[in-house]
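Here come two complexes built around chain A, the first alongside chain B, the second alongside chain C.
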Partner chain A sequence: MEILMAWRNVWRNPRRSVLTILAIAFACLLLIFMLSFQFGMYEVMINAAVKVQTGHLQVIAKDYDKDMKMRWVVEDPQAVGDLMLAVPHITAHTFRANGFALLSSRDRTYGGMVTGVLPAREREISSTASTIRQGAYLEPGDTNQAVVGSLLAKNLHISVGDELVLLGNARDGSIAATVLNVKGVFSSGMDEYDRSAIQIPLPYFQEVFAMRGAVHQVVAVCDSLTAVGPAQSTVTGNLPKVKSKRNLECKSWDELLPGLIQSIQMDLGGGIIFYLILIVVVAFSIMNTFLMAVFERTHEFGTLMAIGAKPARLTKMLLYESAFLTSCGIILGIAAGCALTIYVESTGITLGEAQGMLRQYGIPNVMRPELSWLTAVTGPFVVFFITMLTALYPAFKVRKLKPVEAMHAI
Partner chain B sequence: MSIVHIDNVTKTYRQGKVDVHALSGISLDISKGGFTVLAGPSGSGKTTLLNLMGGLDNPTSGSITLDGEVITGLSQSRLADMRLEKIGFVFQAYNLIPVLSAQENVEYVMLMQGVPAKERSERARAVLDDVGLEGKYSRRPAELSGGQQQRVAVARAIVSHPSIVLADEPTANLDSKTGQGLLEIMCEMNEKRNATFIFSTHDQMVMDYAKRLVHLKDGRIVDDETR
Partner chain C sequence: MQLQLAWRNIWRNPRRTLIILTAVVIGAWTMLFFGALSRGMAESMLTNSINNLTGHIQIQKQGYRDDPVVENRINDPTPIKALLDQDLPPEAKWAFRIEVNGVASNARNSKGVTIVGIDPDREPDLSFYGQSVTEGRALRPDDAHGILVGQGLLDSMDTKPGRKIVLMTQGADKETASRAFKIRGVYRAELEATEKRYVFVTLPAARKLLGVKNAVTSACIRLPEREQVGPMAETLGKHLPKGLSLLTWEDMLPLLTGYLSMFDSFMFLWYLVVFVAMGFGIVNTTLMAVLERTREFGLLKALGMKPARIVRGVLTECLILLLVGLVAGNALGLLTVLVLSGGIDLSFMAEGSQYFGMSHLIFPKLMARDVVAANGVILVLGLLVSLYPALKAGRITPVEAMAQT
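Our next item is the complex of A and B:
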């Protein structure tokens, strides 16, 4: 009966209750949509960076990711590759070697990062082949062919078919020099990468840079982001079996892309501040509603106390009422928030020309939120928690009432 | 046997810097089953005295014994229990709970006492029948007339067989005919259920129903007649 009473009390002032419910629902909707949107964006960013640059996992000589020294190599890439074949969830792997070099066209010279890749395997792992804007990607059997980042090509004033002189440091300290033929130009969308990256076939790289069969990175991808952790520990556990002068280590994408993780954390941090402000505003309006409701009914509470109700009973009833209001708002908010998110997930939102962080990490200009349990439940849960917390104040305020004084109030 | 024993009770309100002596030395014995009316002009202390008897407030000095138990100085929580078990209230302004139906209003007291649902419902209907509200069980207060609301209030006050029923000007908001009807019902309940009724009023018609009439003036008893 008390629950029934609380339910009826909620609908005593339908307009006010509906407004309160809508405020709560709106806060939930906004939280669900924005969180889903942010997480959707992060996933795209991570996937893009992983696809273009790092892969999910890399086996490298210790500290190679911090300081790319030519001589810190993986001497027996085949042994590491065989090891990866046996690890569950790793779907593909490839080898890469990198060397910094001066690149000269007919009238300009720029520094660039030359990467030796296995064209066929690289297609399975990175998206570079699909971002070719001009010409074609490398094929197995190519020798002194190169694909060049679009901004680098622009800086060097070269296009497909032009020649490029490469001058660098080989593994043994000697000079690596060759002439490359531009076969294609790619544009990953990540400015930094497109400004410096150039790919050539790995065997040719090994010859030019005197690698003696060694590579710098064994790059692997997994079937999902969640599988990366377990796969990493399996690989790490098996690495000591591979002989190497310098210790090898297995790093995951987030360790290899600290900048990306930082950007995400900063973005999320800013978002959280905004969400908290939103929730506090909603909480105050709800507190106002609850206080008014208690204030208006002082006389009635006086009567209830006079006929023998203890303050705890009134507090309980008021908390039921708040719980009803909040639950209605939250259920409505979750339903509307999920509906909106799913709708936008299917249509996508077209952004203008991507800017800043987006541009840096190669985000496409159609964005889709990504609804998940996390994004659907976190916001509403926090709203519920904060709202019930604010409801405590008026609910406990009735404890101070004295029956005679309360009945005097009209 | 006396159900209420009031011993030299005073009540002083502080209003700003002045003390208002609402009651100055009241001693009174009320016997079980009586139908007592407190009469007196406005400001004479009727409401104050009823509130003290009902444990809604504590006297400034003196003591009050209710059904053998001294209630002066009890904690708020004990007073609430005492009100729930021993006292029924009827207020001038009906004071029903607007979101509850007539039957639920009557049941609410029993709910707090922990009476099982089935018994609650039967007893509530029986007492509503007694006050002449058959068939109006599910009406909300807003759907009842003032007289009917006050009958629900009487039903709520007597349903759990309290030691005393306190009614502060129960007829003041009713026209004289409706008020008379209500008084008839209370008289009937007084006899049928042997409930002790204590009223306040300044209405001559109500005083005519009294078996005992106590006149108050300026916080003192000026006349006490039993008829």
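Our next item is the complex of A and C:
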């Protein structure tokens, strides 16, 4: 009964109701789109960083991530690798070793980070192989071949087929020197990485840098981001079984990239404050509708009470009215928000002049929002909650009405 | 008369008016405060970048910017010195530098760094150099073997003041040149990346390392105000010796410049969004205020009032509402910015803010332009949307109004 009355009351003043519904719908639409956009961006940033650099999990000597010291090694990578094979959700793993070196071409010298990789396994883990611009990626049988970051290649004035002299410190402190052949040039899209990275086959790296079979990182990827946590604790639990001079530790991508996570938190935090303020502005906008709906009907409520309607029933009816209004707005908002998001998801947004800036953070030129249950429902839910909160005031105010006085009101 | 009428009409229903005022106040406050905050962040990024050895204007050999190597050096800097001494205002600062990429190494570690040869007397006015030497001391002009390194580099190379560091780079003869330096002091910078990247030696020491005589790679200029850069660059550009290029900070920081140029559109878009949220409330409230006064407007018309006057009356009411809201909102925004003018500490997010190249202390910056834009958006659009209820009121006919109970 109250439901029917409430529904009809909503449409007694269609213009007002439609405006209110539109205000709520606008807030929902905006929240859905912006949240989808932000989350889409974060996922791209995370994936880019994980794919290009860290992988989901790494087993390293303690503190190697903070300070890449040559002597902090994983001495028995095979043992760690065997351990990883047994962990569920870990889909692939590989070994890497890194050393800083001076790279000289015919007429230029630059410093760079040399990484020894296992070409076949690296393909399954990182995106470097797929971002080769020139030449080809490393093959398992290669020896003194190298793939070079595009900006480093540009700085060194080299291209595929050129020679490159490498000069660095080996694990034992001696000098590591060799001549490399440039086999390919890659462009990961992350300028910082492309400016300094060079990859050579791991066995050759171990020989040149006197690694004696050791590596620096055992990198693993999981089947999904959510599986990283459990996989990490399993690996950490099993690590003490592997013998090593310096304690080993297993770190996840978010621990390896604290700057990335904090920048995401910062962006999201700023976004949330902004959204809350927006919702509050909307709430004040529609609070008037709810209030008016009560005050202009004082006479009516008086009559209803006089013929025996309990205050509780009036409150209930008013809350139903607000709920109807809000729900209509939210449904409309979700529909429009999802439609807009899906449309932009298919077309993408180009960022014009800002794209160069964003490339630094690994964000591609075309950004796409990503609609998920979380982004589609969170915003509208908060809007519903806050608008219903504002509706409480008039709904309870009505209880204080005295039938006689109320019926005197016009 | 009309003004007084409108003012009284507004307060016929104080509760309703107060609620809509709150919406306008919060809207205006948000626009101002968050506008100031974002400007502060952008300003922080810009200040950091300019302090980061960029300066306001640099004079370099053509091609050095794309390929910053010793080959692209300026062999004889005397004409530049003459030019700068003549053309620059006395309060402007400038200095020569040698800036090349190289490697710093000790027994255990090697790191890629940018070697900066500086004039110890002049450099402190130009960049972060010398502002925060935490251990040891800054370089002295005659120091042939001293080096100043960042805390970040010091830590990652496991060394301390007094120890040696070998710098390696490509010399003028294209061979690898190296030279040992003693750590005289340690500096701290806003960003850890900066501390890890730059090492400072004296200009003569850098020349010796590279095997050049009087050469420099750039002259860096800092003017008292950023606004003077454009005209000054033009003046200097006219007399610039051949083969040299003059770069302003906008040329040297293209990414940041692009971002800043988009900043205004971002802000405006954002004002619009907040306004739309608020606009629904304004329309609805005014509409209700109009519709419940149908009888009154009908009566006024029957008494001979022109529709235009009714429209004007309703618009005046809206205008008063908006103005009162704006005054309060602006006052609140100003107050917030004032209270937070000591800076907002983001150090709990230090690594996140470093990621964006910002300091951990953000100073909200209220710009006249933003204040005008925010108030303009609210006022103009606010009046525009209240046209709808106002016209509605103007169209009420006496007959239908009287028929309504």
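By our rule, the second predicted complex is superposed on the first by the 379 of 410 C-alpha atoms of A that agree within 3 Å, B and C clash if a C-alpha of one lies under 4 Å from a C-alpha of the other, contacts with A are read in each partner's own complex, and residues count from 1 in each chain.
Note that in this section a residue touches a chain if its C-beta (ideal position, glycine included) is under 8 Å from a C-beta of that chain, and two chains touch if they have at least 3 such contacts.
Note that the structure is predicted; figures quoted are calculated from it, not measured.
With both structures superposed, pick whichever of chain B and chain C touches the larger number of chain A residues.
C
Between chain B (first) and chain C (second), which does A:377 come into contact with in this model arrangement: first, second, both, or neither?
neither
Is A:286 contacted by the first partner chain B, the second partner chain C, both or neither?
second
With the two structures laid over each other on chain A, which partner does A:22 touch: chain B (first), chain C (second), both, or neither?
second
Could you tell me if A:1 is touching chain B, chain C, both of them or neither one (first, second, both, neither)?
first
Classify the contacts of A:274 with the two partner chains as first (chain B alone), second (chain C alone), both, or neither.
second
Now for A:339: first (chain B), second (chain C), both, or neither, which partner does it touch?
A:339 sits against neither chain B nor chain C.
In the superposed arrangement, does A:404 touch chain B (first), chain C (second), both or neither?
first
Using the touch rule from the top, collect the residues of chain A that touch chain C in their complex.
15-16, 19-20, 22-23, 26-27, 30, 67, 69-71, 100-102, 104, 107-113, 155, 167-169, 173, 196, 258-266, 274, 277-278, 280-282, 284-289, 291-292, 296, 352-354, 356-357, 360-361
Within the complex, which stretch of chain C touches chain A?
Result: residues 15-16, 19-20, 22-23, 26-27, 30, 34, 67, 69, 71, 101-103, 105, 107-113, 155-156, 168-170, 174, 176, 254-256, 258-259, 261-262, 273-274, 276-278, 280-285, 287-288, 292, 346, 349-356 of chain C touch chain A.
Can you tell me which positions in chain A touch chain B when the two form their complex?
1-2, 5, 8-9, 12, 299-300, 303-310, 313, 403-404, 407
In the complex, go through chain B and note every residue touching chain A.
51, 54, 56-57, 77, 80-81, 83-85, 87-89, 91, 95, 97-100, 104, 107-109, 111-112, 156
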